[in-house]
Amino acid sequence: MSTAAVHSLWTTAADPITKIPAPKIEYGQLSPTLIVLGAALVGVLIEAFLPRKSRYYAQVFVSVVALCAAFAAVVGLASDGYGTTKAHIAAMGAIAVDGPSLFLQGTILLAGLVGLFTFAERRLDPAAHGNRVDSFAAQAASVPGSDSEKAAVKAGFTTTEVFPLLLFAIAGMLVFPSANDLLTLFVALEVFSLPLYLMCALARRKRLMSQEAAVKYFLLGAFASAFTLFGIALLYGYAGSVSYARIAQVVDGTITNIDPALANTMGNDALLLLGSALIVMGLLFKVGAVPFHMWTPDVYQGAPTPVTGFMAAATKVAAFGALLRLLYVVLPGMRWDWRPVMWAVAIITMLGGAIVAITQTDIKRLLAYSSIAHAGFILAGVIATSKDGVSSVLFYLAGYSFVTIGAFAVVTLVRDAGGEATHLSKWAGLGRRSPLVAAVFAVFLLAFAGIPLTSGFAGKFAVFKAAADGGAAPLVVVGVISSAIAAFFYIRVIVLMFFSEPKPEGPTVAVPSPLTMAAIAVGVAVTLVLGVAPQYFLDLASQAGVFVR
Amino acid sequence: MNPVNYLYLAALLFTIGATGVLIRRNAIVVFMCIELMLNACNLAFVTFSRMHGNLDGQIIAFFTMVVAAAEVVVGLAIIVSLFRTRHSASVDDASLMKL
Amino acid sequence: MSFPLLTATAALPAVGAVITAAVPAARRTAAKWLALLVSLATLALAVTVLVRFDPDGARYQLTESHAWIKDFGVRYELGVDGIAVALIALTALLIPFIILAGWNDADPLETGSRRWRPTQGFFALILAVEAMVLISFEATDVFVFYIFFEAMLIPMYFLIGGFGDRAHEHGEAAASTQRSYAAVKFLLYNLVGGLIMLAAVIGLYVVAGNFSLQEIAQARASGSLHMATNTERWLFLGFFFAFAVKAPLWPLHTWLPNAMQEATAPVAVLITAVVDKVGTFAMLRFCLQLFPEASKWATPAILVLSLISIVYGALLAVGQRDIKRLVAYASISHFGFIIMGIFAMTSQGQSGATLYMVNHGISTAALMLVAGFLISRRGSRLIADYGGVQKAAPVLAGTFLIGGLATLSLPGLAPFVSEFLVLVGTFARYPAIGVIATFGIVLAALYTLVLYQRTMTGPVKPEVSAMPDLRARELVVVAPLIVLLIFLGVYPKPVTDIVNPAVKQTMSDVHKTDPKPSVEAAK
Amino acid sequence: MENLIALLIAAPLLGAAVLLTGGRRLDRVGHWIGTLLSAASFVFGLILFVDLLGKNAEHRTLIKHLFSWVPVAGFQADATFRLDQLSMTFVLLITGVGSLIHLYSVGYMEHDERRRRFFGYLNLFLAAMLLLVLADNYLLLYVGWEGVGLASYLLIGFWQHKPSAATAAKKAFLVNRVGDMGLSIAIMLMFTTFGSFAFGPVLSHATQASEGKLTAIGLMLLLAACGKSAQVPLQSWLGDAMEGPTPVSALIHAATMVTAGVYLIVRSGAVFNAAPDAQLAVTVVGAVTLLFGAIVGCAKDDIKKALAGSTMSQIGYMVLAAGLGPIGYVFAIMHLVTHGFFKAGLFLGAGSVMHGMNDEVDMRKYGGLRTYMPVTFITFGLGYLAIIGFPGLSGFFSKDKIIEAAFAKGGTEGWILGGAALLGAAITAFYMTRVMLMTFFGEKRWQPDENGNEPHPHESPRVMRIPMIVLAVGSVFAGGLFSIGDRFLHWLEPVTGHSEGHSPVSAWTVTGATMVCLLVGVGIAWAQYGRKPVPAVAPRGSLLTRAARRDLLQDDFNHVVLVRGGEHLTRSLVYVDHTLVDGVVNGTAAGFGGLSGRLRRLQNGFARSYAVSMFGGAALLVAATLLMRAV
């Protein structure tokens, strides 16, 4: 860099800025996020001002209304054509309002709503001192087993803060897949991650594990976001901007007016490759791809099960949305660089998740590994780099998220004296005791396994088809093989539930309130509808399959 | 001085931070190392901002600080509650869940 | 629009399954009767299909076509040719007998939870399997076929793992372990096969752009759809693998003995007489039509494998100590014949193979169901636990013998005709293979007669001396099957008339003509 | 008239169906139903015979097409019957002897609680046997062929509670199956050669096919014949088949079924005529068997097994004759018919003896029975004279012609075959005399059995005596009736063809030599068993005798090579299936399980090691991306 150039920079920067244009914000198009964020703030206020007794109802009410309203807003935007013809970049280039954003936002909102139902469930545990309790600690700050905890339980404290936390997380997730510059991406990442870290620590039972999960999730998550941030810095260094469109232009080499002062760093491919690899790594951490998956089983096991369900579904949707946008909007110009790498990641993710799951003995860990394997399948669709690839991933995510929440909701029902009985040996003979619950869980497992007539099959078929169309036939073969391996452990659970003799002092199945029932019912309904008559949703996904640049 | 050197410094700090995460046991120290990594990023942003001659990088650095602060709030809360339960802040002690 | 007869045929048992499953726990008997009535009504519909099918008409008849999943290029397309009609009739015919034979198999030992309804489940699952098998036979869209081909594993899996023979030498816990092992093995084998087929199905879509059997076959015939040689071979192998697991062909067979051994006899019949037929049927319909060149390319290898199946299955049947396992290995041997007939690429072979599917269904049903009655009386599957049953229960022994004779393809009984056609058809093109396969008939006699001798003849064992003879319900199950075996042995023309035109079409699909006799003048 | 052909089969078939499904209420009349329907069939046969006699020799073929049986492109098997002189002969033999034996069985099986079923099986046999000889194509013949096998199986194992009977039945069926394999392959060969397997097309075009194919077809037909007719090497089942009730041995394992092989060869004459190598094989098999059976017959103490050896041997004669070509066909059939009479008679006699002796079969425990059962003695004696070829009786005419024809073959072969036939005649005389002497002459040798029941030999009831008498009459006169004026020759000639041979020795020389042989055989037997008392326990005997007692070690060979070898094979295959075929799959599963267990350990619970994995992953990701660009 020449001194003259530097000097000119200094002088430019030293000039007083006379006119800062007011940003133009399309509030209407951002309304889903804004509604949720607003509701979250209202939730905070509720915590501050309402009496303890009425907080629960108020929070649930506000949350449900907000999520419904936000979903309505998404539907309204989509029907106005924002997903297709009127798709554009809003909020001064920070947020993209287009098909994939709207589709994923809708999915996240519905998943959040269903997840909320499981958060609000208060009938599973026996009432403590006459107070109904949910899955969350009475007072998170009290030390487990201490007198203060007992006092908190006795006083009927509940951590109703989870509802605003949930809303904040959802708001972050809504922004994440529609972020159109790297800064927004990073902020959204933190906005949805931080509440999740907290919620992980809030379990009522097994608090040690819960806290451990939170610590692990937090440290590793922060570690990963540091990498992401560094990647963002490098990409910024490469392109001189954090805007997706601008970076894409630089990558493509189509940028018109290059400031000569930037010539030195701009277009430095090392920066591009390093930066994009680190950002992708951060996203792969969130979707739980091997080798960035190791937090998944521990956190899934330790977190309160409703949180696990929500996290497993919604985080994956948001993270895959962001990954898609990054790869399809920012980095299509270098797909010959990232495709082989992603191939490798997809393969080890599919195989690794499936293989390690075989020997799991805890149902929540098992589902965690299963979610890793599924991340691999979805990655296969991501790699397709075609419009079909996008829509197949969207469809897969929609189907998968409801199955996941439903499955974890069922997990909350099977309880013994220590709370949820998550060890697989306790699930023996469940089919005898409560055929209906076992059958429902079997449906979810079959959907995970990708048996025809379930959403799992339709999704897997869509993803593999897109991958094969995109020239990734070997990936399909690996996918098929790992599906076979995965089938083994799903079936093992079914065997256990239906064909093993029930243990005499086995767990009981709690009768849930309509909230959890609704969550499970929605899961089953979506599973079957997307399995038997997926065309409407495939249409939706394929209309939504185009990113705006 | 050539601003590229700041980049090298940033990379160095980032690596030190990452190494600290990998080798230190105390959760607080680990967390501090992560903060170090974030600040390394900030340095890189500011440097690039200087090199590119636009202010985006500097603004981002502010955002990063805010985010880091938020992380501190959440992180310390979690770590402190763990410490109060276990009377230990060692991340290695928190290994109930494995395999 | 005309009445969707094919859909109705498959939908009726499906609906019946749902309703049966919903019958309250206390109304067990009602569930049984309901299932039986539904299966009979399905049979009536199947007979209607049979009557309305015109053997000399278009290739696919009673067709239905509706849009289903546009994005996957999938249409809900049904249609039947002669081969499918024959198998639909077989399936619809056997299910009532299976239900009747399993009448008491699923009565709960103790009343568990209020919601525990094994009996309802058992009959509902059987009807569900029927529905899926029927629609597999009817589908002319590869995807539709695939979906039900795979989905039928699930009810089948529960039938195998959930219901077993009552008494067991090692107690109920051991039995349940073995059962679930068998069920898991069944499911995994077939699932792996199905998943590999899934890869091929996707590959087919990438190449062809849709799943319509007729469209693809026409496009291939007219040359508008070109498949690279290697692509065709890989796709063929993907399809064939799944069907070979299902059929089952050596060395992919080991799930069958376990499954048949552990399942109750009616379920074992359901597996081997009905469900497995989908595999061999699909070879004829999909492998040969979609990939004619690859089929011809693979023929030598497949013939050798089927030959191994024939001899190996029979030899292993000789070595078995468990009645049901023995029948299972015998079935493996018979499936070897069926596959051999299909890939001999002669009209005798393929007509014979189709006829064999029907006949094997009936004959195995007869043998296995009687074996089930026998086992339910003594509470043991071991051959060594029997002896002299003939004295105590002559009718049971007699029907068992006829079932056995059908299994060894005694002339005059139905399987003979088909087995001979397969042998002739194979011999015409591959004399050496035909001759070796003929050894199978000696081995078949060996295992059947050894089984009969050890169980039915000789001094009467004390445990069997008080064994009751066949009851009325059991006779109602067995007698019609035996009548059918004799009828189709003496007069198989009704079946061959339906099958022949379809086989002719298949032969022209693979561009093969029958070898000509060396002395032409004799004709 | 053609419809009668169908009725011919339908009558016994109806009987079988009614008797086997009728249930207990038919127990009292079942046997009469069976006998009646058998007799009805015989009557139909007679009507048809008279009808045929009324026609010209060329028009004595009736064809009845019933329905199209297996119509598959190019493969047309019809249910069509052909009644010509050859099948007519068989029809009369089968239904005639069959009806007599039905009658006999009414008495013989009187005390068996499963008599109804027995008659059902007998009727089933008649139907199958008639189908065999009336079929107009080989596939339909095959149905009858296996049908008689089934009936034979059921009847040999009729006393199922005896393990030996059940085993014998199974063995018979299995050995027959080996033969059936030959028939299957022969039919397949015909189909690929001629495009058909109906008698008409195959036999009329036989000369157009290559000799190699025809030889193959001929050899396969021979294999089939060996199985059914108990010829070496598939003869081992016949001796064991004597486990069945004696009427069964008489009807199936002497008079009718076992001769089906001869029928098959004669029927396929056109094929054999054009395949000299196959013919040679047939004659060799016939010659070997006639000696084999005779030798075995000499050594057996069990009266039925001795007779079974004799049956084998006599069928050997027939096969030998059939192998000689047109010159021998007629005599093969003639011997078959006469043998049907005298061998059935002999067996019924043996049955009558057993009936009177508490089912004792060991001839060493008989002796001097001629006084106790005179009718049996006389009828048995006449049968004996017939079989050894006493001049003027049936066996004399038919056997003599065969020996003549064998010599007429010419060359070394002719001498060897003729010599074998002559030797056979001598041995026949020996073993039959032995049976006669041990049973009816000498001192009584029976003892009370372990329960103290001493047998009280007595004559059989009339219902059993009548068939014996009728058959004895046939044994005496049938040969003469057929031979005088060459009636039988002219009757069969249109079907089988005939050629006169040019024997190197004159007919009278052959007759003379035969007589000498006969006398020698009888003389030796008299010297051994007539002059000296018969020991109650068999002496150890020479090596040959001991071998002959064990059916010339055939069973031992089978046991060691086939049974043991087979057991080892199946056992090792079961092992292979379990460990190897299944093991590969289970091993794969276990492999994944092990891999899983190992990979699982990476998840060690320490957040820092997770961070290492992430860090390493990030490094790999970066390195790989950079590498991709570099490549």
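Letters are used for the chains, namely A, B, C and D, taken in the order the chains are written, and counting of residues starts over at 1 for each.
Following the convention adopted for this analysis, contacts are C-beta pairs under 8 Å (C-beta built on N, C-alpha and C of every residue); 3 or more make two chains touch, one makes a residue touch a chain.
Since this is a predicted model, take the numbers as computed values, not measurements.
Visitor: If you tally contacting C-beta pairs, which comes out ahead, A-D or B-D? Let me know.
Guide: A-D
Visitor: Averaging only over C-alpha atoms, locate the centres of chain B and chain D and give their separation in whole Å.
Guide: Each chain's C-alpha centroid was found; their separation is 96 Å.
Visitor: Indicate the whole-number Å distance between the mean C-alpha point of chain A and the mean C-alpha point of chain D.
Guide: 80
Visitor: Please work out the Cα centroid separation of chain A and chain B, and write it as a whole number of Å.
Guide: So the centre of chain A lies 24 Å away from the centre of chain B.
Visitor: So the centre of each chain is just the mean of its C-alpha atoms; given that, what is the distance between chain B and chain C in Å?
Guide: 65
Visitor: In chain C, which residues are in touch with two or more of the other chains?
Guide: Within chain C, residues 188 contact more than one other chain.
Visitor: Among all residues of chain B, which ones touch two or more of the remaining chains?
Guide: 18, 21, 30, 91, 94-98
Visitor: Among the residues of chain D, which ones contact at least 2 other chains?
Guide: 589, 600, 603, 605, 607, 611, in rising order.
Visitor: For this structure, enumerate the chain pairs that meet the touch criterion.
Guide: Result of the pairwise touch check is A-B, A-C, A-D, B-D, C-D.
Visitor: So in the complex, which bits of chain A are touching chain B?
Guide: That would be residues 1, 9, 12-13, 140-141, 143-144, 183, 186-187, 190, 194, 197-198, 201, 207-209, 211-216, 218-219, 222-223, 226-227, 229-230, 232-234, 236-237, 240-242, 259, 261-262, 264-266, 297-298, 301-302, 365 of chain A.
Visitor: Would you mind writing out the residues of chain A in touch with chain C in their complex?
Guide: That would be residues 391, 432-436, 446, 449, 451-453, 457-458, 461-462, 464-465, 468-469, 473, 476-477, 480-481, 483-484, 487-488, 491-492, 494-495, 498-501, 533-535, 538-539, 542 of chain A.
Visitor: For the complex, which residues does chain D have touching chain A?
Guide: 589, 592-593, 595-597, 599-600, 602-603, 605, 607, 609-611, 613-614, 616-618, 620-622, 624-626, 628-629
Visitor: Report the residues of chain C in contact with chain D in the complex, numbered from low to high.
Guide: The touching residues are 188-189, 250-251, 253-254, 312, 315-316, 318-320, 347-348, 351-352, 388, 390-391, 398, 405, 410-412, 416-417, 420-421, 423-424, 427-428, 431, 434-435, 438-439, 441-442, 445-446, 449-450, 452-453, 456-460, 490-493, 496-497, 500, 503-504, 514-523.
Visitor: So in the complex, the part of chain B that touches chain A is made up of which residues?
Guide: 2-3, 7, 10, 14, 17-18, 21, 27, 30-31, 34, 37-38, 40-41, 44-45, 47-48, 50-57, 60, 63-64, 67, 70-71, 74-75, 77-79, 81-82, 84-86, 91, 94-98
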